[in-house]
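Structures are listed in the sections that come next.
Both of the next two complexes hold chain A, though its partner changes from chain B to chain C.
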Partner chain A sequence: MLSKKRVITFGAMLGISALALSGCAASTGAGGDVTLTLATVNNGNMVDMESLKGEFEAANPGIKVNFQVMEEGDLRSAVTADVANAAGQYDIVTIGAYEVPQWGANGWLTDLTEGLNDGSYDVEDILPPVRSALSVDGKQYAVPFYGESSILMYNKEILDAAGQKLSKNPTWQEVAAVAKAVKTDDVAGICLRGKPGWGDLFAPLTTVVQTFGGSWYDMNWDAQVNSPAFVEAVTFYKNLLDEAGQPNPVDYSFNECLNALKEGKVAMWYDASVAASFLEADDSPVKGKLAYSHAPVVKTKESGWLWSWNLAVPANTKNKDAAIKFVKWATSKEYHNLVGTKLGWSKVPPGARISTYSIPEYKEASAAYGPITLEVMNAVNPVQPGVNPQPWVGIQYVAIPEFQEVGNQVAQLVADAIAGRTTVKEALDKGQKIAQVAGDAQK
Partner chain B sequence: MTTQTTAKTSVVKVETQVKKARLSRALILPALIFSIVLTQIPFLVTIYFSTLEWNLLKPTEIKFTWFDNYVAVFEKGDLLPATFATIGITSLAVVFSVVLGLFLAVLLDRKFRGQAVARTLLITPFLLMPAAASLIWKHSMFDSNVGILSWLTEALGGTPIQWTTDLPFLVVVIMLTWQYTPFMMLILLAGLQSQTPEVLEAAAVDGASAWKTFRWITLPHLRQYVEIAVLLGTIMLLQVFDPIAIITKGTGGTKTLSYLLYERAFVGLNVGEAAAYGVVTVLLTIVVATVALRSLFKVFIEGGQR
Partner chain C sequence: MRKLKNSLITSLTWLIVIIFFFPVFWMFINAFKSEQDASAIPPTLIFEPNFSGFQRLMDRGMADYLLNSLTSSVLSTLIVLLLAIPAAYALSIRPIKKIQDVLFFFISTRFLPAAASLLPLYMIFKSLGVLDNINALSLVYAAMNLPIAVWMMRSFFNEVPMEIVEAAQIDGANFRTELIRIVLPIVLPGIAAVALICFIFSWNEYFLATLLTTSDAKTAPPFLASFVDGRGLFLGVLSAASMVAALPVLIAGWIAQKQLVRGLAMGAVK
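Up next is the complex of A and B:
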């Protein structure tokens, strides 16, 4: 009896879920209305976008936008799986500058070049280096929602007390000398990322490698990881950490360094420009005590990185026109004004549009870091960031699918070298082999 | 007459037994099908995936490659260090947590005021989610800036240890020991409380010292409880992932098999190779677990003189 009852319950449940599923399927297509599904990352600027979507829906009756907000790691795997398998779950996706050229070349993204080419949108207003990082063969596959570069941030009070000075365009040697001079028992000279990971340690370290004249690959996709310049750069980075860096470096990435600089435990910090808006926030103990300069260099003119979170439309979406409409709205000048008036001017997405930096209210809100962010982002060159030409577009990463894994593994080896368990040369010799396998796959 | 009836009843008995067996099998069947669907089919699919060249980012280049992925697994040279890391972390953490767990269990076995509160507090680490526990250790214990351990060493006049940079292996072992000690403690406490009080009383009457009673009566009694604790602890710890992903990121000999697998599948997005790693990991785990546990039990059987 019991088992019969169970079977009936089970059957009923199946029936209900089938009904529910068909209900789901029906709701998207009903009545000519379009529901766009947008996958995005849970950063502050994106959450702001969700809170303002009502304005878009009011201006575009018949289009609803459904946000799916995720952690960066979850977003990356969910969106990759969906787009790679052409599952078509998302109409708009938020992807990093690393993915756009690869996915564009794979034919997974809608070419937006034509759609963006209308006078009122003013596509030329998008920061040129960001735009070129999002284009393949003249076709633009995504639009930046916000962007950033890397800059050197330092505590003026600590440097002044030690009688030290830095120019607007320092060299790494100057920075190292200052770091050693201002270092005390309680305050480290400089904070640099040491946490293993292609997006952690190797974001700043790759820019150091490039300005020392090194690169991950040459034009033939032969790995250059144990080349003299690469070894010299990593050795410099390790020695700087040893002599004047924060204690326990392998534990440190963006957030840890941010706290250390806020608490006055380090004098300088080389990292993402977006950090400045946190350091100058009202609750920051070092507000107004900081100065900013371009990323330190050795052999190149500029050494800042380039990153942007972008909106793109997968090639297989059924709601292409509506999706492009929303992408244009969320990256328009009007949207930036909307954020400024509704949510506050310091919350306007930075590093995407040149015109943003001439809005008087935004200028006032970002006086300490706005101008230098724009200056650096306009100066960097993602096509050839290093001394030698490279076969991909991008600065602090190599735009090939294998790079996440290559970067992670080499970062672990370098972390072992930073901790002194191996030498830099040994670590990079091993890294060379790992990188070469990935390079061979590109030939 | 009598023989006939007994024969009859036995036939009926056999019949009812067969019926019962059928019924019990039928009742088990759904569960069996369920577990086959849930465990064996995914495993077969994994084996199939492991023969493909398949990177998620190159969907047009999926092809059948026989055993190329397995060749890559053995040629890349990551497998052996990962196996050693897994064995090292697991065995050290299990041994430390059994010893500590035994110590705490003996203390908890006594009657004292606030015993229930103490027991609850001691169990808490095991109830925490591993990821949350890893974050707590990373930020509030091992942090060089605000961590309790750095503060303590500084208060005692030493220079703070750079835990994550210099001693990542130890960091993982310490964190896991902390987390699994309560588990071992609970099992061993159950063992202690199942001792017959008469035996202990008799030992006391005979004038045995507390240490001698513990060594010659309690420990042999605890043997099977230690065995089960070690077995369960090993099985759980062989899959350790969270402290490595959150605190050490696989540096300094902490890249365990499960973390290696994660890197291949979710960072490299290389489905084929990750599947091959998965299959090899399952085989290795079975072999390691069997060999290690057998030899371990032998030691105990000799020690317990049974």
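Up next is the complex of A and C:
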């Protein structure tokens, strides 16, 4: 048994250690100054925001902004741990459209509705489908920094050489026929994501499922993963990849397809609309050679997805007012003008504000892809993207916490089917069981 | 026949060395390529050297992250050595009762996956106000590495001939003299091996560093991952960052090479 003296000594040491550690903990600014910590992902638009933060700091003396850039998966884990435990480490967080409604409903985010409601900010200018995806019960919990839909991109030279044409609103059957017609030994007809992951393979595939009439769940949260429409859509996707897709499709996601189209190794690509700005960049070998169409459809009028990276303020931040001030600055019309004049008009964050598409300089810089991006983003319907109604708001994801896991597992099964290790039916039968467990939890 | 066998073994050894070394070589090459060259398919070996990746590291302030990694690695290694040496000594030279149970207890603390202990750890850090604190992170690293260090140190202490210890005791050496002046010099290569392994484990730790730190205490591994971009090219800058982050460990290993080989051989004998 420990002696009393030892217990006291041990307790004192523990106390001193805790005090020493606390003393070393990060301190907030002195003299009324505020340092905002912003967690974000590493993409071009966010890097641009960091490079321009000095303008905000100069206009708002006493507020500094500290950017913490993270890998997407790390960002999700770190920010979830922070907001769910009310740790208050971050004052502003970058989160996707998938998280906003769930976290908002959980009370983890600050309701920005009132804060954004001043005339100069013009909240009505935010693209309506994006705004609706970021609101719960009429309360807006985040502001889009940039948004995107999905479109079909294709190399006109390759299609012209094969005597093929595509309409502005093609069907998947049309796209499949063209892909097969233009395919050669060196050039694949189409590039589609095959890398397993809810945000990889299942982003485009879910839109294909929806336009074929399928859905992840019905209105009673019963899984529909092995329903005839879901099976038909996945079978179509696999067959298209087999017959006219890129080799080793399970290795391909956004970056791989982007490179393949840039290098002329594929004729068409269905993916995020933001890709067009990379393809039309000055250093792109295919600049000016591409054309863009709406996402291909079967039974729906539109089939594009809807995604946005958004800025939100955790409910427990100590610097709420300063954080909201920065969020408004970074998503304002003035910021878009600042990016255009300082960094170039092609770098203005797309898919967030309607007015951006009326700026003459931006219209000129994004002439090839700007109009279609706005058109598609305004046309998609996150409330009912498919043929049947669904009990959540969102297109290429199901807005429940379990979906990341469900989506990843089913994506792995479908990737196995694409790679020929199992059949589509077997994969989706297994997927149905996985999805049903998550569905039952919502009932 | 024997000559042929030797040649085959030598060739096989070189093949394995090349297989292990190739990713490092490729990382080194990619660090000096432009993003376009680094992600080109088929890969290119002839290219114009490009230092933009290193420039981006400097712009993003990599030195601060490296300093945090160095602090946590050195501090945790010192704590581990300070605790593991007497613990292992007690378990080897002056064995206590139920030694096997004690050893099993030490190693059993490693059975729990880090993910399972993360949430309680996060809550404790939050309650103590030490989230994003490099000293607190160092303590966690020390706790993680301590069981392995005790096991390794014990095997090194077991190598020490008891006669030397007994002779010192007969000559009147007290416990401290016996440990510091007699035993430790004998197991110095082992201590070097343990220190290097603990240093590497702490330096490379990614999971806890990502979640328990925010900005002031962020270490190099999460910083490296921050260059991964789902919507753009990043292989060049990531290779440059990885190369810079790997250098301190390579240098530490190179400096301690002789001690390390002797130390690992000591353990292996047992």
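Just so we're on the same page, the second predicted complex is superposed on the first by the 415 of 443 C-alpha atoms of A that agree within 3 Å, B and C clash if a C-alpha of one lies under 4 Å from a C-alpha of the other, contacts with A are read in each partner's own complex, and residues count from 1 in each chain.
Throughout what follows, a residue touches a chain if its C-beta (ideal position, glycine included) is under 8 Å from a C-beta of that chain, and two chains touch if they have at least 3 such contacts.
Computed from a predicted structure; not experimentally measured.
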Clash or fit, chain B versus chain C on superposed chain A: clash
Partner chain in contact with A:Q404 - chain B first, chain C second, else both or neither: first
Which of chain B and chain C A:N42 touches, first, second, both or neither: second
First, second, both or neither for A:A281, with chain B first and chain C second: neither
Chain B versus chain C as contact partner of A:K195, first or second or both or neither: first
Partner chain(s) touched by A:R421 [first = chain B, second = chain C, both, neither]: first
Which superposed partner A:N255 touches (first chain B, second chain C, both, neither): second
Touched partner set for A:N66, first chain B, second chain C, both or neither: second
Partner chain(s) touched by A:Q89 [first = chain B, second = chain C, both, neither]: second
Segment of chain B intruding into chain C (one of 25-33, 151-159 or 241-249): 25-33
Intersection of the chain A residues that touch chain B with those that touch chain C: 77, 81, 85, 259, 263
Residue ranges of chain A in contact with chain B within the complex: 3, 73, 77, 80-81, 84-86, 102, 106, 194-197, 246-251, 256, 259-260, 263, 265, 401-402, 404-405, 408-409, 411-412, 415-416, 418-421
Of all residues in chain C, those that touch chain A in their complex: 36, 39, 41, 60, 118-119, 122-123, 126, 128-136, 139, 210-211, 214-218, 222, 225-234
Contact footprint of chain A on chain B as seen in their complex: 27, 55-60, 138, 142-145, 160, 162-166, 168, 248-252, 255, 263-264, 266-270
Residue ranges of chain A in contact with chain C within the complex: 17-18, 20-22, 24-26, 37, 39, 41-44, 66, 68-72, 74, 77-78, 81-82, 85, 87, 89-90, 199, 253-255, 259, 263, 272, 274-275, 278, 283
